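Shared chain: chain A. Partners: chain B in the first complex, chain C in the second.
Then we have the complex of A and B:
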């Protein structure tokens, strides 16, 4: 499949000047040698902590920032120097309430941005109507944006990001601060865009969202690529362990010792919670130990019993912690 | 045609956006009104017969400059705060066109300051604006608009490089009013300041405007000043063209198009 985005040993440094009299320059490496490709039609997730370099990567890809070194290509063109060749084929959506003119109506905003993409009027009007319906703002189309709620502004931002029917859409934490309904609308839009053959690069802090939507995920930390693969491939990196969480009214250390000595059990953690005493038992993935554990707990009052599968969040935390 | 549409829509959007801002309305309406009254009181004993012309022009010029300072220059920062600067910069439409559209929108809107100072002079002091050389006045007025627009573009470009635009626009407002002779002739300024004055297009535009309302002025003197204005403005146009190439690279290297 064709690679639409190509990053090779990409670096971006920022120079920070400190002090008044003795000005000291400090170089911060926001992105430090990242390489990956994004294929046509893919939803590609970028995960990482705040300051990991996700937004900097997106800003280089949307031609807002120049790379310090390395290759940064979109649709085969360098994002610095050849940006005119592809700017009409991409767009971006940043989370939050920015990126629209609040003293204009939703329709006027979209009309203006359509002009900046050189869209002809008839096509633009058709697209605007379609997008306003898509983001559920059709009956607020001619109302000033300053009267909109945060969620409505964000939905308008989504419409703005799709105004030119882009081939590639970059989304930087698009669901941040959105109410559950708004977030659901956006997730459905992302799915629909994928079925329309669009390529999407997405950053998010909501790991379930990335798990649900992304074909492939890159985890980055301190500007470095920590892991790259499908959600399942990432799980496999640290697979081999499953977890059982049991909440008991009370438990003795002897009982914990018994569980720890069970075959396949690798660790037992005890935690006091409001609901009771929680035991977190890690055991080998393929083992069936529920019965043995329940036998060990006979006579004790079990308040809850939860067998957890490895989540993307477990994987993410493990990989990021290991990369420190 | 497409570029003209971008220019036109940006101009109209800018006018709408500027007019709804209380600060712009203050610069547009209250500022020339107050300045007309102040300048009238200052010029009333000047001994000049047609001093009311200087009052109206002075107040109008101060108003238009304030609008340019707080709007054309401040708009870059405003767009940065709105998060729209990055969008207009990365859109296929030429960023220069958007900046020019914004400045033209503001400059055209800020011409209201002349109407306000004219109306204030008429209403409060029964003063009449009189331009004996109508053609010369028209040429001067259009030249003044263009030279102010060029200076505004120059400033707007420069201010994309920094996030401290509010500081800079406050810093330049009054010095330019004094240095370019909006209220007093530049001849009364020290020699070294006059050198700065003559390097700025508004100085020549103001000179030209003054000549056109002064009465009988030899055509050769008027033309000489006009050519000087064209020449200085031309130099700024070249600087603006070259500056954009540098700025276009620098904003992306420094990452100054956004608040963080």
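Then we have the complex of A and C:
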């Protein structure tokens, strides 16, 4: 498969001048040597703390910012210097309310943006109707954006980002400000774009979202790459353990012994809680042991039974903390 | 071309949709007229003259500077403040075109403003314009506008790299008032500063418009207009390159976005 995005030892520094009379210069290394590739048709996630450098990476990819050093290529072209070659094949969706014309209607906004790509009028109008439908703004198409709610503006941003039918779409926190339903609609749009063969790079602070959507994820901290892989691979880095939590009315030590001796079980912890006695059982990930555990508990009153998979959030927190 | 007009119209709506037609008239014509009256009265007292033709002409030209400088000059600046510059920068559109689109309708309006500013000013200050060829006068205005547009394009590129556009635009507007010969004869300026008058737009259009009132030398008149056009063209060409350079610089120094 083809690499549509290619970063090699990419760096970007910002110079901040502090003070008013006595000027002090300070250099912030926002992106400090990052390398990875994104293949055609992938949904690629960028995760990381506030200030990790995600937006900076995206800005360099969409030709808004020049790299300080290293390679930053989209569709085989340098994003600084060879912008012309691929501009009409990319677009972006940024979260937030900036970036649309409040004094124009939704339709006029999209017309304006379509003209930035020199689209011919008939084609543009068709595309605009399609997009307005896609983001569910059809009945508000001719209302001034001034009167839109935050989520509606955000949906207009999504339509804007798709106006030129881009090959690669860069999304920076696209679901921020959307209600749960709106966020779900967007996730469905993202999946549909993938089936249409588009490539997507997205950042988000919602880990379940990344887990659900992304084929591969890069975790970034302080401008460095901390981990890279499929959501499953990232889980494996942390541990091969899963957890089952069972709350019982009462339990004997013999029963605990029996469970501990089950194949694949690695540890059993006992804790008294308000609701009863909680057993926390850790076992090897691929094993299917819930049946065996239930057998050994026969006759006891089970108040709750919870099979917990390691979430991406657990992984993320561990990796980011470890990289400090 | 149709796309250009469409985009220009949308840009115009963006700029003015918030105000009603009446407010628009007030803003775009009453305010300039008052400015014009102010300078003419000032001139009448300080130069102790009854022949105000020169000031009416000069100041009606200045009416267009504000519209032109601020509509075109602040094009990128405005987009930066609203976070819309991203969409423009990453798209294939010519950045020069964006500024021109934004300035197109304001420029037409300012031609009309100059023309009517001149008529109304003349009526108020008893300037006899029946003897001059109004079509020729209109043509001079259009030539003046042309070079002003080139000049404002040049200014607009700075909007990509500096946060002080308001200051720059106001400064330039005042430079034009002083150095274009609208209010003070250029010959009264120190020799070195007269150079500024030579390189800015409007100076020559104002001079040639004034020539319409006295008996004039056709050769010199045409020559002045050609020079004015040349000034405009030079600024267009410079802008073409300066905008590209400014775009690159902005990407290097991260000044495209303010947040």
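Following the convention adopted for this analysis, the second predicted complex is superposed on the first by the 261 of 324 C-alpha atoms of A that agree within 3 Å, B and C clash if a C-alpha of one lies under 4 Å from a C-alpha of the other, contacts with A are read in each partner's own complex, and residues count from 1 in each chain.
Definition applied: a residue touches a chain if its C-beta (ideal position, glycine included) is under 8 Å from a C-beta of that chain, and two chains touch if they have at least 3 such contacts.
Predicted, not measured: the structure shown is a model, and the values here were computed from it.
Per the definitions stated earlier, placing chain B and chain C onto a shared chain A by superposition produces a clash between them. Of the two partner chains placed by superposition, chain B and chain C are both touched by A:99. By the touch criterion stated above, A:36 is placed in contact with neither chain B nor chain C.
Contact with both chain B and chain C is seen for A:112 once the two complexes are overlaid on the shared chain. Of the two partner chains, neither chain B nor chain C is touched by A:148. Look at A:283: by the touch rule set out above, it reaches neither chain B nor chain C. Once chain A of one complex is fitted onto chain A of the other, the partner contacts of A:64 extend to both chain B and chain C. Contacts of A:316 after superposition on the shared chain: neither chain B nor chain C is touched. Of the two partner chains placed around the shared chain by superposition, neither chain B nor chain C is touched by A:44.
In the superposition on chain A, A:84 makes contact with both chain B and chain C. Counting contacts by the rule stated earlier, residues 14, 62-66, 80, 83-84, 87-88, 92, 94, 96, 98-101, 103-104, 108, 111-113, 115-118, 160 of chain A appear in both its interface with chain B and its interface with chain C. The part of chain A that touches chain B in the complex is made up of residues 14, 59, 62-66, 80, 83-84, 87-88, 92, 94, 96, 98-104, 108, 111-113, 115-118, 160. Residue ranges of chain B in contact with chain A, taken from their complex: 2, 5-6, 9-10, 13, 16-17, 20, 82-84, 86-93, 98, 249, 252-253, 255, 257-258.
On chain C, the positions that touch chain A within their shared complex are 2-3, 6-7, 10-11, 13-14, 17-18, 82-84, 86-93, 248, 251-252, 254, 256-257. Of all residues in chain A, only 14, 62-66, 80, 83-84, 87-88, 90-92, 94, 96, 98-101, 103-104, 108, 111-113, 115-118, 121, 144, 160, 164 touch chain C in the complex they form.
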